[in-house]
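In the part that follows, the structures are each spelled out as structure tokens.
Below, subunit A partners subunit B and then partners subunit C, in two separate complexes.
After this line comes the complex of A and B, so read on.
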């Protein structure tokens, strides 16, 4: 078998399992696994920017959180008791302010467009993209790279978190947005604990993985591989490396935004904790454990880490030490298996293939 | 008769056409002039060698030519275009190809993939986003591969190549860029005697059809390939001429007195 065939088979098997799984799960686990698939989408974005282009963003949570907030604003307004003004805003209003989105609280007019779900969805993808474009332009034009990119993105996610917490009348503050209507498109209502949301997420994962796979197999993906190895050398071949980094960074921000949208639909809330440092770092751990330069590996990493984490959180003994275990796992992966689970799998496949190719040589 | 004469005159112009020219090129690091008012010009088809002791400014000069370092003063002209400070990528696109001293190739990629990244003339993000990589080499890629003896290892990962092959791969990459001038920083560094011979032969093959500027330490190698030598000393051009002229040049001999570089030769 050729390596390509094996890779294809692995992808096929993975998605076959993903699509068959709900038939073996109760509604609680259907919802849990749907959330993990959302995380897998996020991990694909990290794999693209970190694994393929060498940009380690520790602020993906910012884009994820923005995606979640944008759609949550629309879903909040879709609740009858949040019309015309969300409940939390009523609590923060001046006594004589009009009960209207235009001027209920300072800045509440920003909510007006979100009366349309389509705008919430679109903003959840485009706003992360635009922020990534501006930030990426500033960083990459100045040739910021390596750990500095990580620190800057981390800081920006923290700023985002602070802005949301500190603007309670506008954002719901620390509590986030939790009074959401279920997603309903064209008469179909998506039930977070049913198969509908699960398949929505699974389909999104499939599309994101296919699209990413397509991108990395173009000439552009090839240049990216070269950039990851030695970006200075690529410049002397005539490429404007910044533009390549900018493109992939924006794309991965958009993916994180999509994941955020789906997270809000699946988990029925958006909160500032989505922009926390620990959550952004968790995302990187998923991708690292699964194998950062393998899109499928990153998906599997997200699923495994979160599944174990969820089992651990139900165990009284394990629960308090789980973050430590997770951190140790990350250190171990970086030191011992830099290509993660995917790297190990590739090693096994290569070993299995070796006797055969030796025979081919002899013949 | 006159007309024919005119044609032959204008025909002869490209033969002496200047490809690369520097004008008072200077770079100062904390006030120290690593390269000091250097004026060189390289004609089309020329194979020029720059020699000089360690710290004479040879590599810094190449850095200035390919945009890696910005000059404090002076200009670099490629044909009739001022390429000073337009950025490494734009300089490369305008036709300056550089091979680094330590082989700088993409080791996780195959030899063919390395050549493909180098030979691709469309460098924009979106042009490459909507174009597939071919599994087969183009004519240009096949030709430079055979020229550098890499035809049989096209499918191999660069990390599996020998040191000599890595040097040739980077040379092949630079060639496939189809540059107007090729800058080589010690192309035979770390090679075995046989590999050095092959590299010298390769450079002699290139002379005439390509314009090449080589930095070299090894005087035996220089004498094998050389037509015209530029000697650098303390950041400035000390002398220029053929190998025998250089060896007889009093200033050069004095500058190198006690230095092993020339006495080795």
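After this line comes the complex of A and C, so read on.
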């Protein structure tokens, strides 16, 4: 068997399991796994920017959070009791302010476009893209790289989180937005605990993975890998390194935005905790555990870490130890298995194939 | 004027934390994301020492330095050294260390699992008693200057001078500077660069520990207090330029004052937002840092 065939088979097997899984699960676990698949989408974005292009963004949570907030604004307004003004805004209104989105609280007019779901969805993808484009332009044109990029993205996410918590009358503050209507498109209502949302997420994951696969298998993917190894050399070869980096960074921001949208649909809330430093960095460890330069590995890493995490947090004995296990995981993955699970699997496959190919050579 | 004094004390803390980070980053190009946890450890050393040993804040300064330096030494040996040259991976691994340290405090070093609770640990907030002579307020030129803030400033000045002496006047310092400028050649000349790495890491961590003692005097102490420091300190290092003691001093001063003034004018969140925008602008127009005029 060729390596390509094995890879294809692995992808096929993974998605076959993903699509078959809801038939074996109750509604609680259908919802949980759907959330993990959302995380897997995020991990694919990180694998693209970090594993392929070497840009370690520690602020993916910002894009994820923005995605979640954008659609949550639309879904909040879709609730009948949040019409014309969301409940939390009523609590923050000046006594004589009109009960209208235009001027209920300072800045509440920003909510007006979100009366249309399509705008919420579009904004959830485009806003992260635009922010990433601006920040990426500044960083990459100035040839900022390595740890600088990581810390700056980290700081940006932190600022985003603080701004959201701080602007309570506009954003719901610390509590976020939790009073959401279920997503309903063209008369089909998506039930977060049913198969409909699950398949929506699974299909999105499939599309994102296929699209990413397409990108990395073109010449662009090779250029990106070369940039990761030595960007100065690629620059001397005449490639515009900055544009490649900018593109992949924006693309991964958009993926995080999409994941955020789906998270809000699946979990029925958006809160500032989605933008927290620790959440952003956890995303990276999902990709690292699964295998940073393997898209499928990143997906599997996200599923494994979150599954174990949620099992551990339900156990009284394990719950206080889990952060330590997670911390150790960071250290050990980086020290012992830098290519993650995918790297180990590749090693095994190579070992299995070696004797046979040697024999073939002898014959 | 009072805002200025508060800004000065913020700047002092920032300076001490950033100095440690800058020394580590300068020599090894490594960002220790557990650097903020060294601040946290320093603060908890103060809490525990005052609760169980009856030690005051003065004797905690060297104690916290020692404890944090030992932690730094251990982290360098166990995690940072095997990852030499893999900077992004070091970032992740030290974040893992940060998670572990925070959780160890929350679960009372693990004794909490067996129902043993140590006074002063756990996930709740802790306070440190400040000696009465530091609680007073001085009236100078019609302004009120809290003595504690002045004390913080004084410690920062002393530490700055000690670090200057250490970096520019001792044998260790010249080796340190040589390693940051050209590691391979320095090693080829017979300097044990691994030893320099370890010492620099320990010294940087120790400084953060001292900052932790100072912070504990005017803020509540909690397991997750450290995380913001590492980011703020990195901003200082970015703004001031790496490998430049004076640059770190000035940029800590500027950033501390900017934060303090914007914070009094509106609130803390906008203070930090402005700070961040400021650093981005510096990066855009002067990527080597504000106070570095030459390129090596």
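Note that the second predicted complex is superposed on the first by the 363 of 363 C-alpha atoms of A that agree within 3 Å, B and C clash if a C-alpha of one lies under 4 Å from a C-alpha of the other, contacts with A are read in each partner's own complex, and residues count from 1 in each chain.
The criterion applied here is as follows: a residue touches a chain if its C-beta (ideal position, glycine included) is under 8 Å from a C-beta of that chain, and two chains touch if they have at least 3 such contacts.
Every value quoted in this text rests on a predicted model; they were computed, and no experiment measured them.
Between subunit B and subunit C, C contacts the larger number of subunit A residues.
When the two structures are aligned on the shared chain, A:218 is found in touch with subunit B, with no touch to subunit C. In the superposed model, A:230 lies in contact with subunit B only, and not with subunit C. When the two structures are aligned on the shared chain, A:199 is found in touch with neither subunit B nor subunit C.
When the two complexes are overlaid on their common chain A, residue A:15 makes contact with neither subunit B nor subunit C. When both complexes are overlaid on chain A, the residue A:238 reaches subunit B alone and has no touch with subunit C.
Touching of subunit A by both subunit B and subunit C, each in its own complex, is seen for no residue at all.
Subunit A makes touch with subunit B in their complex at residues 215, 217-220, 222-223, 225-226, 229-230, 232-241, 243-244, 247.
Those residues of subunit C that touch subunit A in the complex are listed here as 29, 31, 79, 82-83, 86-93, 95-100, 102-104, 106-107, 112-113, 227-228, 231, 234-235, 238, 267, 269-270, 272-273, 276, 279-280, 283-284, 287. Those residues of subunit B whose C-beta lies close enough to touch subunit A in the complex are 66, 68, 87-90, 92-93, 97-98, 100, 104-109, 113, 116-118, 120, 123-125, 128-133, 173, 177.
Of all residues in subunit A, only 50, 54, 56, 58, 138-139, 142-144, 146-148, 150-152, 154-156, 158-159, 162-163, 165-166, 277-278, 281, 284-285, 288, 317, 320-321, 323-324, 326-331, 333-335, 338 touch subunit C in the complex they form.
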